[in-house]
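As structure tokens, here come the structures.
You will see two complexes here that share chain A, one where it goes with chain B and one where it goes with chain C.
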Partner chain A sequence: MVILVVRFYQLLFILLLLCTICLNGCWNSKELSDIALVTGMGFDKEKVDSQEVIMTSQVIIPKEHPSMAGAAESTSEENKPYTNLTQKGVSIFDAVRKTNAFYSNKQFWGHLKTVIIGKNAAKAGINSYMDFLIRDHELRRQAYILISEKKPETILGLMADMELIPSITMQGLVESARFSGFASSVNLQNFLSRLMSESTAPIAALVKTKKHEANALPHVYGTAIFSKGKQARLIGKLNEHETRGFLFVIGQVKSGIVSFKYPPTEEIVSIELLSNKVAIKPLFKKKGPVFQVTLKIIGALGEQLYLGDLTSFQAKAKLNRLFAQEVRREVMKSMAKAKKLKADIYGFGEIIYQKNPHYWQKIKKNWPEIFAKSEFDLKIKTRIKYSGLIIKSPISN
Partner chain B sequence: MYKTQKLVQNTSIKGASYLINYFGRLMRFIQYGRNKQVLAKYVKIKQVLSTSLSENLTTFREIMGSSYDIKMREFVIGNSEQTKGAVVYIEVLTDREAINQNIIKPLIYDVHLYDLQPDRIEMRQIQNMIISESISGITSDFDELVEACLYGNVLLLVDGCQEAMMIEAQGWESRGIEQPETEIVIRGPREAFTEVLNQNISLIRRKVNNPNLRLQIHKIGRQTKTRVCTVYIEGIVNPKLINEVNSRLKGIDTDAILESGYIEQFIEDESISPFPTISHSEKPDIIVAKILEGRIAIVVDGTPFVLALPMFFVEVFQTAEDYYIRPFYATFLRIIRVMAFFLSTLSPALYVALSTYNQELIPTSLIITMAGAKQGTPFPAVIDVLIMVITFEIIREAGVRLPRAVGQAISIVGALVIGEEAVSAGLVGAPVVIVIAITAISSFVIPAQINIIILLRFIYITLAGLFGFFGIMLGLVGMIIHLAGLRSFGIPYLAPFAPLEPQGLKDSIVRLPFWGIFFRPPFLGKINRQRRAPQQKPQPDQQNN
Partner chain C sequence: MEQVKISPFQLGLLVISIVAGSNLAPIEVLAKRDTWICIIMAMILGSIFIWAQTTLATKYTGKNLVQINELIYGKKIGIVINLFYSWYFMQLIALQIFDFSEFYKNLMLRETPQPVIAIVFLLLCGWAVWKGMEVIARCSEIVIPIIILAVIGTLFLIIPNFKFTNFLPYLQITTTDLIRSSSSLTAILFGEIICFLMIIPMINNHTKLRSAIFIGMYLGGALILLGSVYVIAVLGNTMEISSYPLLQLVRLIDLGEFFSRMEVLVTASFFWIIFLKIAVIYYAMVLNTAEIFKLKNMKPLIFPLGVLGVNLAFILFDNSGDHYSFIVNGYPQMAIPYQFVIPLISLLVIWIRKSLATKKEI
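Here is the complex of A and B:
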């Protein structure tokens, strides 16, 4: 009898050992057919001071995607390859889980492309809502952040022609903004590092709708500026040219067209930007820090409506001067706006901290005021490297 | 309360020890059995021959039984009618023409030419003067005589002599030398080994015209007494290796050796491993190349597959043709083979891990398609993959074993089942089919080692299904630890990589031109490492410039 009991426990022990091998691994596995791919999310509030958050997540319906065999050729309202799930909640995660009441698949956030934040939520402050985006293990910080005047669900419902899923369209638009320099592309990682910095103000791109024939199309432009402090609140905007001025200073203009009038005939000349290098040197004066900003910009003659020869030595010097003047105008405009908002969007505070930490300790308390009063010594060196396939306009005499 | 706790604790410790015990018992069950094997001894009536011919023939008849092919022909030597002689041979193993012309005829007609006295004839005299066939010996030992007879020798007995002569007059039907079935080359010799030992040895001898080529014959198998021949080159091979191989071969005590695989399983270092530590080939050029590198070949009578040992793991990725074509392309092909090895073992597991654990690693546009294909299929991804892998293996095995004429039907059914119907029936998604197709095609790149790949594939699929990428990494680490621990006749299996042997790397995954490789592979041919003169790179004559 005793032997039987012992044998039973032995058998049980072996079975339990086998169970540990077989049962523990699958806890985290999710089948592809059970997950809902979220590529875009947006959140807003009804009013600036309302408690509840309105959360929209854009979920892909793979069967309707044109890459699948059997999906409809043309997409109409009935068979869109995505659906927007909107739900109110006291927190974002709360709203997300409430959607499971009418959408069975569990949302999977690993492929999030865009986060659209509504105007009201942005004005109320977004620090608290960022928590979910950092805390959740599925999320990756490559999603672009866009601030919208309209409701996020409207923006997430705009169909563009090339890509059928609006959130992926939006990702493409932000990424292509680097060819014009007219919108700052900020992903979650950039946004968070600015949010966590002592002095640098968080920024994001803006999105609005634009009428195009019968449809409304999304339009990504400019820069939204947030305040520092406990809650990052939307305090101002930079328009397209101010944005490029700002991007020149942080050295992120990868490409773009700078157009200006060529004096004698006041006809337009366009320069394509090829490279943009910045050197910022802070000088610690008694009255406050002075920043020596040196821009080295290389461009190519892209188009001239002026019919004269611009490749001569004198013309080139003049062209360089005008080019630098135009760049300076854009940079100064952005700086005026930033100073007015007392928002250090350039990260000058960080530069001071790196160069002279003791000095930074002294001034960091009232850095916004100091930033607003500090001087900028802007030097712009331009060079026009190429003139394309022709030297002067072929139709000129 | 306390007691039960203690009982549980005790049993858990005891359980572990019993688990080990069960394993030990299992191993004992596999390894040991009671030695009940009965020797196939013939009835030993006498150890040595007697002087009486009729008595000897009776003994032979008793030993060999009354099989129809055993012939005993008595005749009279010379024309004196005084001395009788007899030949004993097995008809199907001997050349009848040779026996008649070269043994019986001279004994009957030519004895008087030599001034022999038929009444006092001696074996030496017959050997020296009469028999023109080659003679393997003269003995009076019955065991030896019977054995010689069974290998196709003709035994000549003379009345009054206490000795018998063993005359080599073998002759039997065998197939000719054909093209290899398993190792096909585009450039390189096209001959392959056959089932006949001597023919195989001749194929090797013809390539190495060197007196140092040594052959050692072993007779293994209680019932079959199969001839097993070790081939090596004296002066290149490590003498310790020869001793080791000989002692392992001598240790084999089995009833039969029907193929070289029997030998392989008895003498390999690590039997419980999916990886082979002895290579085999049916092409003489490969075997000769291995002998020249300081290895030992084992030729087994009755099979075209010749063993070569020791073996490195890199040899899995090498073919004979690598050395016949130019080095750049050879290196490229070896890299392709390594890639195919990993693709074939890992791709189904990677698919499982990616699609059930790490969806964020798949590009968005791909995951949309994959999710769309997965929708509506009933099983989890692991089961999908297992179904398809097993289906493919069944189809492949059916294709290998079936007669050629029916084989085509299998490929049509297989293409339909795997390619089309599984998807349209909603059993699995289309991406699974693609993964299986890549897996299957890749596994054919290394046809000789397909068995390792298939076994590992199942292990990795299971691990990926249970633990995702963590499981795959676990499996890979385990595989590398296992490989690093393997030895082939005392030589590390992963050489020249681990332990690192820079000279050996010249002919591993990379193959340098021949003027760059001037040493034999590491650990082989220790006493004679250099195989070529260095600085043989073709270049213009310096003096004529």
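Here is the complex of A and C:
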């Protein structure tokens, strides 16, 4: 008979080995094949004053994506790589949980790219949607907010050419809008920061459909302006050029093309924007605050349809003047709109508070009215730095 | 008792872990954008606290807190005070373990029951205590530099989101809030160094004791200050509603769609630094209790006291809301007597005795 003499450490070693069999893996592991990746969501209401929220969530179906092996060669309506599900609920979370009944996999919100809010919901106020979006631990604040005239489910169903999943298309559109300056890109963090501010009005980008041949394409443009107060309600819009005027003042124009006629001819000159710096100095007068806004804009000569030499000193001075004039026109348009809506989208109230908190305490109560009446002293310094590969147009008169 | 020796360098690192391990506490709750001023004020106030504590330790070189108290107040009152200290350390562990397990439950392990996280984590700390102070100290030598590098490196990536106007206007805080905030920050961040009075006798070079503790305290405070400055500069007014502002900040990192989702790295750093913190306090608590009852070996106490600590954590609080209001409204009043008032009274007693003795000689 063999007597096994197992010492303590040998026993421990065997026990630990046994542990590895039953203790590997995670308590609540989620494999990629078991989760439904939500990349886009939309909210709307039937009417402005209705209680129920209509929530649309967009989930990727990986096996239908052309990048996956075995997927269909061409994507058609039958085998599109995403699915949209619309559900009603008394709150967002309620609607989200209701959609779970239709997905076999659990939804994962960590890759949310765009949040599309319908017109009715935006008019009713969108604070109530923000709570879920910033409270849940899976969601990230990098998702973009878009306001749509059409129903969100329509926008989330638009197929674009480059990218097959509409919500990711929309993310790309917002990001590329930075290069034209025609739409403001606002993610959840930026929106929240404006929402929590005492005076700055929240903004978001707008999205609409554009007819292109047989099908409709999504188009991101402009700025939606929300009211301050208990509920952030949609109160107005800025169009493309007004949006750029607004973005000039908050120093967020990364790139873009400014075109204007070059008198005395009616021919167009286009300047590419290269950089945009802004300095805002408030002056505290008895009548009300005066803001000295100084813009420093650097551009490059992008295209001239004017058949003349624009590199001479006189022409350059004239070009700079016309360029500044065009920028001023856009800025003034946006300011007129903001003043009309009494919505401080520029954050001027914050600047007053930062520079002179005592003065701010006095004017805080009726800031919207004071903003609407306040004066702006706009100075624009432009510089046209580069002229590209040619000096003047090939045929000059 | 075991013969352990740790170096002043290791002691300093452990002090860093105690101070910077408080990063889950609601630091920005009261002072908001003026938090950085309050942290600097707390460093000054904390220096006074630490001065009292280290002076007490240097008056009785080689004696720990229990022995010092018994020498100063006599056997009977000394035991009562020491039992109170044991209770305070137990509460510290309960606070920390609740804080930590809540954090992990909220962010990482959503479906794991909170007690499971707390028990597993405390078992790990208990194991470190079982192995002794030298092991914890050596562990800190590896862990702390890695954590500092990881956290600073991660925070470096958020610099594009900086908005320095978030700091303006300075000093809009009321004086009451300033005092409340700085004193509670002192109690949360620096006062807990009192538990080192149990560990100080193990140091192998008593001349460097004071500088080690002070440098550790300032470095830990600087880390907390750095985190707070980042939070204010990046999150601005939105920090007021975040449960974990520092983590929210890291979640915003998105550099070139490559450096994103860095919070796992930061949570791992938090894990290690809080592990060190709880291990040190756990050790102090067990040693304190063993010394009171004059036990030859402290190891039998590790497990039962840990069980009590976990239970206490879940008896004291239901959710982080409870916990926050306790830390802001009740914790400083509860902790400052242990951290500052008792050491100060001890110093006064020593001073009075000394002056009486010199008078008699005259």
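What we mean here is this: the second predicted complex is superposed on the first by the 368 of 397 C-alpha atoms of A that agree within 3 Å, B and C clash if a C-alpha of one lies under 4 Å from a C-alpha of the other, contacts with A are read in each partner's own complex, and residues count from 1 in each chain.
Note that in this section a contact is a pair of C-beta atoms (placed from the backbone, for glycine too) under 8 Å apart; a residue touches a chain by one contact, two chains touch by 3 or more.
Note that the structure is a prediction, hence the values are computed from the model and not measured.
Novice: Kindly classify A:104 by the partners it touches after superposition: chain B alone (first), chain C alone (second), both, or neither?
Specialist: After superposition on chain A, A:104 lies in contact with neither partner.
Novice: When the two structures are overlaid on chain A, which partner does A:314 contact: first (chain B), second (chain C), both, or neither?
Specialist: After superposing on A, A:314 lies clear of both chain B and chain C.
Novice: Please indicate which partner A:353 is in contact with in the superposed arrangement: first for chain B, second for chain C, both, or neither.
Specialist: Once the two structures are laid over each other on A, A:353 reaches chain C alone.
Novice: Classify the contacts of A:13 with the two partner chains as first (chain B alone), second (chain C alone), both, or neither.
Specialist: Only chain B; A:13 stays clear of chain C.
Novice: Based on the superposed arrangement, let me know which partner A:51 touches: chain B (first), chain C (second), both, or neither?
Specialist: It touches nothing on chain B or chain C.
Novice: On the A-aligned overlay, A:197 touches which partner chain: chain B = first, chain C = second, or both, or neither?
Specialist: After superposition on chain A, A:197 lies in contact with chain C alone.
Novice: Determine, under the contact definition given at the top, whether A:31 touches first (chain B), second (chain C), both, or neither.
Specialist: first
Novice: Classify the contacts of A:140 with the two partner chains as first (chain B alone), second (chain C alone), both, or neither.
Specialist: both
Novice: Applying the document's definition of touching, compare chain B and chain C: which contacts more of chain A?
Specialist: Residues of chain A touched, chain B against chain C: more for B.
Novice: Report for A:189: first if it touches chain B alone, second if chain C alone, otherwise both or neither.
Specialist: second
Novice: Starting from the residues of chain A touching chain B, keep only those that also touch chain C in the other complex, and list them.
Specialist: Residues 28, 140, which sit in both footprints.
Novice: If you look only at chain A, which of its residues touch chain C in the complex?
Specialist: Chain A residues touching chain C: 27-28, 134, 137, 140-142, 189, 192-193, 196-197, 350-351, 353-357.
Novice: Show which residues of chain B lie in contact with chain A when the two form their complex.
Specialist: 7-8, 11-12, 14-16, 18-19, 355-357, 359-360, 364-365, 367-377, 380-381, 465-468, 471
Novice: Quick one: in the complex, what on chain A touches chain B?
Specialist: Result: residues 5-6, 9-10, 13-14, 17, 21-22, 25-26, 28-33, 35, 37, 39, 60, 62-63, 65, 67-68, 71, 81, 108, 110-111, 113, 138, 140, 168 of chain A touch chain B.
Novice: In the complex of these two chains, what residues of chain C are touching chain A?
Specialist: Chain C reaches chain A through residues 106-107, 109-112, 165, 168-169, 172, 236-238, 240-241, 248, 251-252, 254, 260.
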